Amino acid sequence: MNAPFFKYGLFGDEMSLVVAFGIGIAFGFFLERAGFGNARKLAAQFYFRDLRVLKVMFTAIITAMVGSFLLARFGFLDLSLVYLTPTFLGPQIVGGLILGVGFIIGGYCPGTSCVSAATGRIDGMVYLAGMIGGLLGFAEVYPRIEHLVKLTPLGQVTLAEQFNLPYGLLVFAVVLMAFGAFVAAEWAEGRIGGKAPDADSLLTPARKFGPARKFAAVLIALGLVAAFSGSPYRTALAQVDTRQLALEAGTKADHVMPAELADWIIEGRNDYLLVDVREPAEFAAYHIPGAINVPLAELKQDFARRNERIVFYSDGGIHAAQAWFLIRALGFPSVYMLFGGLEEWHDTVLNPAAPPADAPAKDQVDFARRVAVAGYFGGSPRRAEGPALAAPAPAAALPKLAPPPPAAPPVTKPATPAKKKKKEGC
Amino acid sequence: MRYIMVIDTKRCVGCMDCVVACKTENNVPEGYNRDWITETVRGEFPTLQMEIRTERCNHCDHPPCVHCCPTGASHVHDRGGVVLVTKDECIGCKACLAACPYDARFIHPDGYADKCTFCLHRVEKGQLPACVSVCPTHCMHFGDADDPLSDVSRLLASRPHHTLLPEAGTRPRIYYLT
Amino acid sequence: MSSPTDTPPREQPHMNPYWAGFGLGLVLLASFVIMGRGLGASGAFTTAVATTVHAVAPAHAEGNSFYAEYLGDGTASPLKDWLVFEVLGVFVGGFLSGALANRLKFTIEKGPRITNPRRLVLAAIGGALMGVGAKLALGCTSGQALTGGALLNVGSWAFMMCVFGGAYGLAWFLRRAWL
Amino acid sequence: MCPMIEFTNFRHNPGIDPAMHIWGWEIPVYLFLGGLVAGLMILAGFRLLIMRPNERQAMVCCTVGPLLGLALLSVGMLTLFLDLEHKLYVWRLYLTFEPTSPMSWGSWILLLVYPALLANALAHLPEALPVVARRLPVLVTISDYMLARPRIVISTGLANIGIGVALGIYTGILLGALGARPLWSSAVLGPLFLFSGLSTAAALLHGILVLTTPDAERPEFADFLLSMLSRWSQARPLDTRIAPTLAQADNSFLTIELALLGLLLIGHLSSTAVHQQAAWLLLTGPYAAVFWVGVIGLGILIPLSLQHLELQHRIRHTIAPAILVLTGGLVLRFVLVAAGQASHWAPMLD
């Protein structure tokens, strides 16, 4: 499984914009080909003259739906990583109605108006100007109605989850429904709109098995395959190989020792993502430099890029271990946890205990190094139990550590989704 | 005559006395600096190596800032080859700022390019530049490189040294003893 | 412009809707596979509006929670946004397709029984409503109906039904504009 | 793993630290307009040279172009002036000539541009603007005087070409001579800006021709608006026969520009570490999106293909390529000026 390419880190944010441009060109091209740059063609939908909007939209929806389902089912695409706009049922129903009214009054929707303006339609350009005016007005009243816009939240949820139906079955149902709608649409075009049927339509009286019908047959067949394929999500519980996870948990391969982590931070390594799973208040009080805060309850499938090395820590070890299991079960390949959590971090990195005075010289040298590390993180060594000992002298013999850089500690990648402020949706 | 500066990085502790002395002596406006301290740490923990040094205009033998100046405001002074700016000729085009690989210049709030002058007004009176004269660790030395008996010539002859960004081809005249 | 000797080629008919829809679906699928997100349009204009307002009146934009959401954390220009670049492409793609089919012309699409100024006023009103509706619904026909529809998003399907409902409900009153 | 280098600098001079940002929008706009005017000069001079005595129709190149050039150059010099920090001393530029300074060369070249452009415009002005010429008969006198003497026409044409080439190359060398910014330190920048300027100039003239062509498919009021803008030329329509020639020329310029951009990047990528780092700023770094989409895609490849289709009579001539090429030229200057200031010799911490 290695798609969506972007979320697996195949290319960065900067290149994603170049991809966006390319995808946009294709999108605009097909919108124009479909006749969506023409307001009369779009409005004809609502007078049963030409049900193009319905045909194009539903063909596109079922194509992408069946395609993404099958790619996900056969392990190429991780559907759980495809961004799903959260549902706010009330505002979306009201917004949909307003949008529908705007559609019939203005004759376009935002995407199609771009195409119409690009092909010289002056009404399309005026429509765009009107939309910008609408956005400006909405922005001014938004702070007062913000609570209304966030009403009835259902979260990121699909129909399959909402109605507890198998995803594949739903795919098949939508495909069947779409073809039902196409046949009805062609019938209505002829009956109400008085339009002669297209040469290549589903309702052509000839017994020919034309391209449209072949296309329909293929999609329905694929839909039928989908209906019996089960869930597209790799993350479903049944697919977690518990035995392998248990074996992994048994070894210590998933541990990062505090001293090791301290070295990583001092080296300025940025090939890992340090995640604090405690509550924000605790995070604010103290956190390991460079960590980001994702409370346990907010760990989601897309909280980080999948190919990233992730290190969890919490106060002790338990919450980190739970986060480790959760995220490992979601299919992230390289997940680690800080051994002993923050307690161990305090004990071994921030306030290392001095060895007894009669300890071998090797321990003494090692301790001196740890004192230097502690200094870097703003901690200080503590005395060990037993006989008192002098303050560690050998520190001078070691190279002095650089103080932490003034503003930004050598942290992880700044562009992790957890920190990203801009919204991803439309 | 070829004025140069030799700075002993083994002695510099980054106390910033030179920075303060320069600001006072040359009346450098608030928020601007003609000289500054840099700290470089290199290596891999725990075998780190740190170098603290004081930096300023290198008064290069091959000064790109002088070559690109359209009005001749940036020029090489006859005395010791010091690179100077005549502020009444400078139009503030900022070409010299872009041309300097050391980023040693800045635009004075009055609108002209400004930078270190090796305190030529003091040197002409037989004094040392302000930064050199206040250095508490005596890590900075100023003098004539053409005079083989000068302090700076003897230091360069006796100790390993390097200059900053020699690969930029500017032939800088501030030497750092290592 | 065409030289006097060759007559401009005739405007080509539109594509078969099913094949156009199939192409559109493949583009959407490609977006899922490459980027892990769907298509959109209205968000780009919101970003552009937010950036413009921020340039004109920075304090006002930063104080407004609506604009703040689209301005990012200030480390990069808010215009360096996925949807902005995508919509830039939409303009180019639409123009290319229109040019190749000889459908480029400065004109106003309207029914025969409505005057030009009235059609333009209606277009502006429709656009304004669309801007409000799209922001209430967290997306427009591209971002919600098309993308969310293909992902079986609950809100998107509810939204799609309402769009058709709203449009069909009002269609009869506006028949003079289109028929 | 390569050893860590941590670099702390206590300088903090405004405009220099933490990242150099001394040139804002003024310099890119000036470089763009300078290149555009250079292109207009070369096209005008060339057209003037190949014009036969009684063929006086190519006024879009020989008159409209130079007149626009005079206006655009003035705007460009205004932006250059706005960028100066010591504005009252600007006359210092003309008290000296510094042979090693591209900016000094430029300030003197700019002085030569005005008379050359004016001469080119005057040669055929009464043809293009009969309304103006009727009010100012002296224009007719000048034009007749010039056209009666082939040597004056030829030297005007040659002067325009020569000064245009110098102006175009100078806008690039202005940056190219600043070796302290690795991205700029390439002599390719001169020809690159010259050909970018030529492509924008050809696109501008092509766009003007398309706009002023009567079009049956335009609604009345759009035509009305256009004729308001171009009423002065309606007395005698511009010769639209050279539109394909201009599109053809623009395509050649765009292709050369693309090749030069490639050479610039290849040169940097096969050079020292700092130059490679500078090239990656454009290729995958923080300027990649704008570079690939704005400069390469919108500015070069798409207008190139549009004009190719126009030349093959597959699509109508539109002003879209003109808008795209002009925008692309402007974005190229912005990207190069911004990325160049971000590129650096000193140790960089990524």
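Miscellaneous remarks
So that you can tell them apart, the chains are marked A, B, C and D in the order they are listed, and the count of residues begins at 1 in each.
The definition used in the following text is that a contact is a pair of C-beta atoms (placed from the backbone, for glycine too) under 8 Å apart; a residue touches a chain by one contact, two chains touch by 3 or more.
Bear in mind that the values here come from a model prediction, so they are computed numbers and not experimental data.
Both chain A and chain B are touched by D.
The two chains most heavily joined by C-beta contacts are A-C.
Ranking every chain by how far its Cα centroid lies from the centroid of chain B, the top place goes to C.
Chain C and chain D have CA centres that are 34 Å apart. Computed centre separation for the pair chain B/chain C is 58 angstrom, with centres defined by C-alpha atoms.
Separating the CA-averaged centres of chain A and chain C is a span of 24 Å.
Centroids of chain A and chain D (each the mean of its C-alpha atoms) stand 43 Å apart.
In chain D, the positions touching at least two other chains are 1, 4, 6, 8, 219, 222, 286, 289, 293. For chain A, the set of residues touching two or more other chains reads 17-18, 21, 122, 267, 402.
Residue positions of chain C touching 2 or more other chains: 80, 85, 88, 92, 95-96, 104-108.
Contact between chains, per the stated criterion, is found for A-B, A-C, A-D, B-D, C-D. Residues 12, 14-15, 17-18, 21, 122, 267-268, 402, 405-406 of chain A are the ones touching chain D in the complex.
Across the interface of their complex, chain D is touched by residues 1-3, 6, 8-9, 76, 80, 85, 88, 92, 95-96, 99-100, 102, 104-108, 116 of chain C. Chain D contributes residues 1, 4, 6, 8, 219, 222, 284-286, 288-289, 292-293, 297 to its touches with chain A in the complex. Chain D makes touch with chain C in their complex at residues 209-210, 213, 215, 217-219, 221-222, 240-241, 243-244, 286, 289-290, 293, 298, 302, 306, 309, 313-318, 320. Contact residues on chain A toward chain B in their complex (touch as defined above): 263, 266-267, 369, 372, 398-402.
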